[in-house]
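Here's a structure for you.
Just so it is clear, A, B, C and D label the chains in written order, and each chain counts residues from 1 on its own.
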């Protein structure tokens, strides 16, 4: 690996056009916006990118567009997220062909693996591709944790090159950064980014970074420079901004629809993408909800 | 739909050779064994078929082999099981091309849909293919329930042609059979098959039917004929046989590895398939565990 | 134990007056109504009796009233439900003093016991009182299951005299009745009472029996007489009646408030108790909800 | 309230003698040890004090001993932890009589309250006693969360005087400290005490403070003085020490037995209490496990 996995690496949304196809212009616009903000990498085809709702063709198209748009400016990470090892290897190989610099891989799901089987999964994926594999702990979606013991085993054997921790569990995150002080443990937390950096995170992978990458870049750089006051102030501003994921009425839409719909509505309101639609079967936001998101953006100085 | 979705329709295992490829001869042998036992349909690419651990190529290969082996003798059901609508539609269309008579579809998973989004998922899949869609409620793997209200809405609008209920919840199953007395509600339960038929199930989709289809066929026919004594006796014998899924040491292997490994070990011991291996990353059973499975088979008069 | 633990043994509601004190007249009325319906026992201070919301004084008062009202006509079961062994022994001894014929005891909760500790809990409670102990498996409230292995160990050592199974898991219930064919395994299920009797249940402990003991008595007697048609018809009628627990708006009240509030509203509407109030902090039902309950009662021929 | 709820307030273990009675000398010794270390309060009858496994008599005895041993030196907090409002009021009044300065109260459990009912619970308890009520969010034991909205409502109405947050959720903890900057939000976390103070915690309630109060006092004072280096170093030492709760073999004992047994074994090894026994039905530790705990204490410089 001839690049560092650190800094701010937002998991990008996947803009769609009115037909549900990838909106190339919007994706290029989003990537340009991110690079302009100074991000250290971009992550396509992650949970925020609605990877689980894309078919293989569009997933590949996202990577093709992203590779050209990024053009080597920063590392390009690609999600290879599926239920089991063989499916993930297929996606990972497709990502290699598309020019990704690393693949991001969750535990198997649907099939209820134990720790041994989770470790074996990562070993087989890593053996199948010659780009780095990043382990992605997102128990709320992928059902199983990647325990600190498994992370350490995989890191020490160079099976995985980094961890994206979206477990929400700072206790295990702290255990990992203590046991592996030089390992790139990245946090997926939008709300505890400053704290995670304090605890040894090497980088941030915040979904909210789609909407305000400048904020996370300032937060990260301030933290690295030891200026905790500035980092804290940015984090607090971002806490308020994160309310956009809670605007949608949960008696009407599911959690993912509300969160990713909120992100995309904000991106559209900021004119970074054209169309706020998410993939079926997620329910769309209402006009009133979108108006509320505009208010939150305005309060955060982003509109 | 010019066939009835009822009777015994086992979800078949997917035999693998030493290289992890589909073992055509073993799959043909398994299907012949099933047809010979008098099953009313076969279900390929379900949870028991390790669908989540197959790549698209092998999943297609399974269907191609099965179509030729079944040769129209009974309906061929194909799993189209993935995280979201677009991926499922891809799999469902592949199943149509391969000659499946119906597709079996779970809720979306990983993306945490609500009821509205689950219903929309089934409507879109049904609109995309012209073979019947069977809703598959397996909350332990697919995370969400399909509620009775959603089942009724989808059944009454002819969106779904049947339900495979592997929820383990007889209360909601009973509610569904009462509200939809003519709808093909099938149960995935190995252990409460007799009870489910009493409560209005139109058929059985038991993983254990791989190993002893004759038993489930006898159970089903006896229940249909009103001979509850015989049905009960068969069910009780099958309860004992089901211990094969609990042989593997759970401190060593995950749940799925133990259950599906147990099924495949039994099939190999009965000489129905050649190789008991499951897909990576599932851990294999030990020799001692296989010996114990042989004992259980012998006790059940199957060896 | 000089009585049989079998038949219909409803877990009685605890009627309160306007001050939240035990309403003696209403409790006497409820017990008379039950005895008149032909129940085989009554269970005071169970989950349906709001035991977790009563203080020790009122819990004792309930038993004193019940003992006099029952007057030896049928066995009197008393809940001894609390977080740990010492607290449960206190309650159990109080029940002995009050004249209970048996105590009903859940697993410890709050303290996350394992199976060994659960078994030890029952052994210590049983050693502390000289009336029979009935194990009560209600995982939804008491957090832990009582596994079939633990039930068998406790039954075979005569530690427990019966099981009340409110786990909702017919698979383990069936395992228990097969392993212990003569053991009084009772079901707490309102909706699968007929099925549970088919599977070997020796009795019924249905909360809905408060409102319609005659129905459960008919169901039970028909099942015992081998008249499955009649049992089924009664069960189906009771399925419809059970809708009273789902009337309350769950965006306004918690599950227990809706369920127990529904029971008490129905009892008040039937003039069996005077006041439908539940204990604080449970939210009361609205007038509109009570009207809806009246409609359901009328449809069931109970008003 | 004429005292500040801040600083280090360990939730004390309840030492038992060989007969399971309260070991007065050991409890006095433990309290003297704590006061000598400079703690700012002591909390008796909490989860760490095995409150759920004590009967009312011993619970009262603990408070009587503690009141005399503390003798006004620091505030004395008493747990009033039970399933419902009436039972909690009984315990809270007993605590008042025993001389407690505040009571610590969880959500109701067993009865599945919603947010409205949880708030009502705290209002009723607060109205029943004239000492401050501290809300205790420990979802892993008490089943329900106390949401930030409920905390704010109860704090702003002066219903609760403080929060002990053992939810493990720093996101909601941060939300609470931001919305209520002057409110005494205390953390129950042993492992993220430094981080919690950074995020606005006013104090620490760590079970591990039984064994090493000096460490938490140093950590707290360093954090208050703005010396983050020292606070971090203490926290890291305490992270290692916390391994004592994971020594017990979880295939043999439950979680609580292992954790509280580990604490008590360490206290006995340090000669602060005499007997490491926990209450039935918790399983005791083995000699080998105790030896391992001694090693961890030695590594931490505590033996």
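Rule of thumb we're sticking to: a residue touches a chain if its C-beta (ideal position, glycine included) is under 8 Å from a C-beta of that chain, and two chains touch if they have at least 3 such contacts.
Per UniProt, the chains are A, B, C, D = Dihydrodipicolinate synthetase.
What you are looking at is a predicted structure, and each value in this text was computed from that prediction instead of being measured.
Most remote from chain C, judged by the distance between CA-atom centroids, is A.
With centres set at the average Cα position, the gap from chain B to chain C is 37 Å. Inter-chain spacing, taken between the CA centroids of chain B and chain D, is 49 Å. In chain A, no residue touches at least two other chains.
Pairwise chain contacts in this structure: A-B, A-D, B-C, C-D. On the chain B side of its complex with chain A, the touching residues are 47, 50, 52-56, 58, 81-87, 89-90, 108-114, 116-118, 120-121, 124, 140-143, 250, 252-257, 279-283.
Considering their complex, residues 168-171, 174-175, 178, 189, 191-192, 195, 198-199, 236, 239 of chain D touch chain A.
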